[in-house]
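By letter and in written order, the chains are A, B, C and D; residue numbering begins at 1 in each of them.
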Amino acid sequence: MVEIPKEKLLEMYRTMVRIRRFEERTSKEFAAGKIPGSVHLYIGEEAVGTGVIAHLKKEDYILSTHRGHGHLIAKGGRTDRAMAELFAKKTGYCLGKGGSMHIADTDIGMLGAAGIVGSGIPIATGAALSAHMRGTDQVTVCFFGDGASNIGRFHEGINLASVWCLPVVFVCENNLWAVSVPTSCSLKIHDIADRAIGYGIPGVVVDGMDVVAVYEVAGEAVKRARSGGGPTLIEAKTYRFRGHFEGDSGTYRPKEEIEAWVKRDPIKSFQEQLLGMKALTEKKIKEIDDEALAEMDAAVKFAESSPPPGPEEVLNGVYV
Amino acid sequence: MKELSFRQAIGEAINEEMARDPRVFVIGEDVGKMGGLMGEMGEAFAKYGPERVRDTPLSEAAIMGAAVGAAITGMRPIAQLRFVDFLGICWDEIMNQATKMRYMFGGKINVPVVITALSGAGRRSAAQHSQSLEGMMSAIPGLKIVLPSTSADAKGLLKSAVRDGNPVMYFEHKMLMWTGPKSPVPEGEHLVPIGKAEVKREGKDVTVFTAGFMVHKALKVADKLQQERGISIEVIDPRTIKPLDKETILNSVKKTGRLVCFNEECATGGLAQQVAAIVADEAFDYLDAPIKRVTGPDTPIPYGQYLEDIWIPSEEKLIKAIDEVLA
Amino acid sequence: MKELSFRQAIGEAINEEMARDPRVFVIGEDVGKMGGLMGEMGEAFAKYGPERVRDTPLSEAAIMGAAVGAAITGMRPIAQLRFVDFLGICWDEIMNQATKMRYMFGGKINVPVVITALSGAGRRSAAQHSQSLEGMMSAIPGLKIVLPSTSADAKGLLKSAVRDGNPVMYFEHKMLMWTGPKSPVPEGEHLVPIGKAEVKREGKDVTVFTAGFMVHKALKVADKLQQERGISIEVIDPRTIKPLDKETILNSVKKTGRLVCFNEECATGGLAQQVAAIVADEAFDYLDAPIKRVTGPDTPIPYGQYLEDIWIPSEEKLIKAIDEVLA
Amino acid sequence: MVEIPKEKLLEMYRTMVRIRRFEERTSKEFAAGKIPGSVHLYIGEEAVGTGVIAHLKKEDYILSTHRGHGHLIAKGGRTDRAMAELFAKKTGYCLGKGGSMHIADTDIGMLGAAGIVGSGIPIATGAALSAHMRGTDQVTVCFFGDGASNIGRFHEGINLASVWCLPVVFVCENNLWAVSVPTSCSLKIHDIADRAIGYGIPGVVVDGMDVVAVYEVAGEAVKRARSGGGPTLIEAKTYRFRGHFEGDSGTYRPKEEIEAWVKRDPIKSFQEQLLGMKALTEKKIKEIDDEALAEMDAAVKFAESSPPPGPEEVLNGVYV
């Protein structure tokens, strides 16, 4: 990890903290009844989105999931507009019409969260095709879960990207569970990355709790995509620390399993790592955390004080 | 009569049918250990275990395809698809396989598969988790479709669906599954025939055709108009969307001469248009007023209470339409 | 005016739009070397090659999904799905992605994708290769749908669809693609606006609403009845199925007072019911007779000439319905 | 191949000849305008269906394809009723309502040809699940092409069968083309069998022009399935000698490629093999062939002289 500049490391650390604080605050506001619908939190998985997206430029694309707040923030999304969207307010990313599962911001290349699991995979292939045909060097990164790796579109979308050698990176966030169904009941193989063999593309397994490891693996994949080397399938082994959605008791997961993974908190371990290499001090840690907390206070204030969308929005935006 | 919540009624129907017929089994995501999103399958899983209440990978096409394959080889699967919005990724299994096999194979094969899924808006779940697809699905020949509005119908229709022997789409309206109040369900064996509508309230001035969760809004409006203005509304609940019980609808309109269709669907391609068309042909001479339709607009369903409540057909809009046909 | 076959008109539209706009490309199975099942893409492939006329693996969901991804990032894909029957395996991409993105993302994203596919019966292709899905698809908010009946409309509507900027379903009726006779197409730039119906024949006694291949049968019937019995039929061809040009339909019915819908679709959930419902509401006071619908039955489409010809709405059945509304 | 009894070899040879003669006759009748719709012929691929189905009992199931006449005949289907179905006659397998792409006969475990490519795969998984739940030893075999191996249901159906360890054999008839699209443009891997790795099941490649080789590979797979060992993915390399459908000029395929494969005609080579081992004589060859020709004459006569379905059949058979 020597070759990772200190600023980059700090930037990633800050991003992970901001995601964590955003999600914690979302959890609080949801419990308080301020956020309608349902929300799926990224807590525990921050290292994956952060380490991968750290390699992307503003013009690059990402396709996100139902658990997408972290991807949005890592790609440069604003927490105030994100929170406002969760609050169903007019100032939200989608005018309050999409909510947590449908946040998109084309200005920063965020092509959308997904309510239909796996739907982003062929769409990512299409965005990569578009970049190829327009002759840009844009890379597309598609995030999805272990559950999504069993949906037909995983197969079709990745195969097409491989056949056309498109600039896309497929990142499977394997958190071992699809709601209550463990990977042991949904796959007969140990590593989802092995499915890359069926498409003739590289498949890599990485520790999704180690942002530096993710950063390194993703770096090669993004470089490969940008330089015409085609797609890569990255499997990041990670874990969601909370229920599937807020309100999910999650009793189906063994306590010991949860505890073991929580011990490997990606932010804590990265913190220790950075302290060890003197890239971070206790003071700086507090400073970053306070900033994040203040940012989320402001985001909630912004969301709360924002007006709801006008009634005309029910009919607006169907057609160009 | 005992009082059951909507989801308890569904759970009871599944338990009873699984006890009655060893060929009946449940296949879907999170139906096992989790007992289904609403816990409605919990008891069945406890009783019959993972062999007959089968958790699957996240693979809707495989769920539906496997259900079809099991159905044509002697089993009686209940395919649990969670949200109707997910039917889009197993649409072919429904539109081209389950519902066409019997016909295109010359009537030899039966496809006794029941598909259950949550339908409807009201939970602030946004565009991909709030749709009502009864109109769209009824364009599929070979499919039967039911949409219960009470606990009693929920239980009786599900039991009939399992025994029907044809592909049956069973819609569970979210608002009834989550917040539906307990309502009476007959003790013991209780079956509601597929293809029979029910007059949920008798009246003589205007016929209101409505289904699912909307039935309860229509009944509120009927009471209100009766009390406040002495207007007598007849509320028809088809219960079965396909095949539709035309006679009950036509007889009502022949009596009242006025029809308002009140359906939670987009304006275009929904049930409301189907019923209006049937009446405009077969009861035309009895009509004293234009046939009004109160539905959602032709838009996806927006997130959040501010907009979703405007999208969903309201009691106010129903009253306005009733006034129009009475004008 | 030059004379073009239906498929030549489609080929011309594709060639012209690809020449006009470098963002336009074709994606689908067998569109390249084979030039499309009907050879309609042959010239485009010869001109623009495999980069812009892209043969794909057998992966309809990937074709539609990739088209959507390309459309929201600056391209103008034409997704060729061959038979509408195959839409079932990419239904989610159409119902939940292409048509909902713009709305649920707050109106920021455009999804300029055109979907083309062969529709309709008559080729003895049996249940999985003969369907007409215009009614079912029109229940999808956010989608535009066109169904041309002449070479001129085929060209003009396809060019407009490519420029529209929204997801547009473009149906090509098999009988017009295979055996459609040449018909006149204006020289040079020829656009047909989406959303405008055309009165294909003026009349005063009965309005016949029909689309696609059925238009030609309706026109034959109109001539026949005019000559033999002096009955004057107005034939309305919506050309665009969604959004529907209500005004043209309503104005015609207000003039004739009688409506027969003549559509190649199942009886339930089709276009005929939509139009009947609209008229029964908005032109009720002008109606002198029940609204009749001549469609196929609620069955899959049978194989072979013996049964398929009975399934398809016939000129005889149309005449019978016209007699009924005139009785 | 020592352990294959002579009778079995002759039975397979006869089956292949009958399939060939049925298809040749179908081609002739189609050209004569006697068969409506479209037909996809199995000529050149006879060894695959024959060698696999030779292991199945009457109660076992098969899922077929749009190119399914050979599967039907190998499973014990009657050529007269099959021909009558192509002729759209009442005596056909589906009362003349299904046609070539929709022939099924549950009495012999033939669960249907497929008009939607790949649709049989998850259905086969369901039939296997059913056998498992009913406690029978029935095996299900699912045939599909190289093109179908790129459809989402291939992924979902095989994965589910592997997770539940069901008694099913997936047979990919890789004839190198999906209409005009060659596997070189639809897959980036050499062997489709390698996709088995993604599901944790055995994947085997076999020469689809060699019925004995197919028989041996299929034997192990069927045994594995029947004995609770779960699914196998078999890829048989084969070739269609004719156009995709009758009437397809097929100009997209290189002449040399066609010629090279036609030289490896599975019936001719099997014939020589059997002659070499004295399992067959020139006389017997002629005898078998004459029988097959006579059978097809009778089938066509049956089809031609049969009545069409009555008009009531348009409305019959939608619901039980």
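In this section, a contact is a pair of C-beta atoms (placed from the backbone, for glycine too) under 8 Å apart; a residue touches a chain by one contact, two chains touch by 3 or more.
What you see is a predicted model; the values in this text were computed from it and never measured.
S.K.: Touching chain A and chain D alike: which chains?
M.R.: Correct list: B, C.
S.K.: Which whole number of Å gives the spacing of the CA centres of chain C and chain D?
M.R.: 36
S.K.: Could you grab the centroid distance between chain A and chain C? Build each centroid from C-alpha atoms only and quote it in angstrom.
M.R.: Inter-chain centre distance comes to 41 Å.
S.K.: From the mean C-alpha coordinate of chain B to that of chain C, what's the distance rounded to whole Å?
M.R.: Each chain reduced to its C-alpha mean, chain B and chain C end up 30 Å apart.
S.K.: Tell me, which residues of chain D touch at least two other chains?
M.R.: Residues 94, 96-98, 102, 115-116, 150-153, 156, 159, 163, 185-187, 318 of chain D each touch two or more of the other chains.
S.K.: Specify, in ascending order, the residues of chain B that touch 2 or more different other chains.
M.R.: In chain B, residues 56-57, 59-61, 85-86, 88-89, 92-93, 96, 103-104, 126-128, 141-142, 297-300, 302-303 touch at least two other chains, as defined above.
S.K.: Name the graph shape formed by the protein chains and their touching pairs; answer line, ring, star, complete or other.
M.R.: complete
S.K.: Tell me, which parts of chain C touch chain B in their complex?
M.R.: Residue positions touching the partner: 61, 85-89, 91-96, 99-100, 103-104, 126-128, 133, 135-136, 138-142, 242-244, 265-266, 268-270, 272-274, 276-282, 284-285, 287, 289-293, 297-300, 302-303.
S.K.: For a test of understanding, state which residues of chain A touch chain C in their complex under the given definition.
M.R.: 61, 92-98, 102-106, 111-112, 115-116, 119, 121-131, 133-134, 140, 152-153, 156-157, 159-160, 163-164, 316-320
S.K.: If you look only at chain A, which of its residues touch chain D in the complex?
M.R.: 150-156, 159, 162-163, 185-189, 194-195, 197-201
S.K.: Could you please specify the touching residues of chain C with respect to chain A in the complex?
M.R.: Residue positions touching the partner: 25, 51-52, 54, 56-57, 59-62, 64-75, 77, 92-93, 96-97, 101-110, 112, 141-142, 144, 164-166.
S.K.: Which bits of chain D are touching chain C when the two form their complex?
M.R.: 36-38, 88, 94, 96-99, 101-102, 115-118, 147-148, 150-153, 178-181, 185-187, 252, 308-309, 311, 313-315, 318
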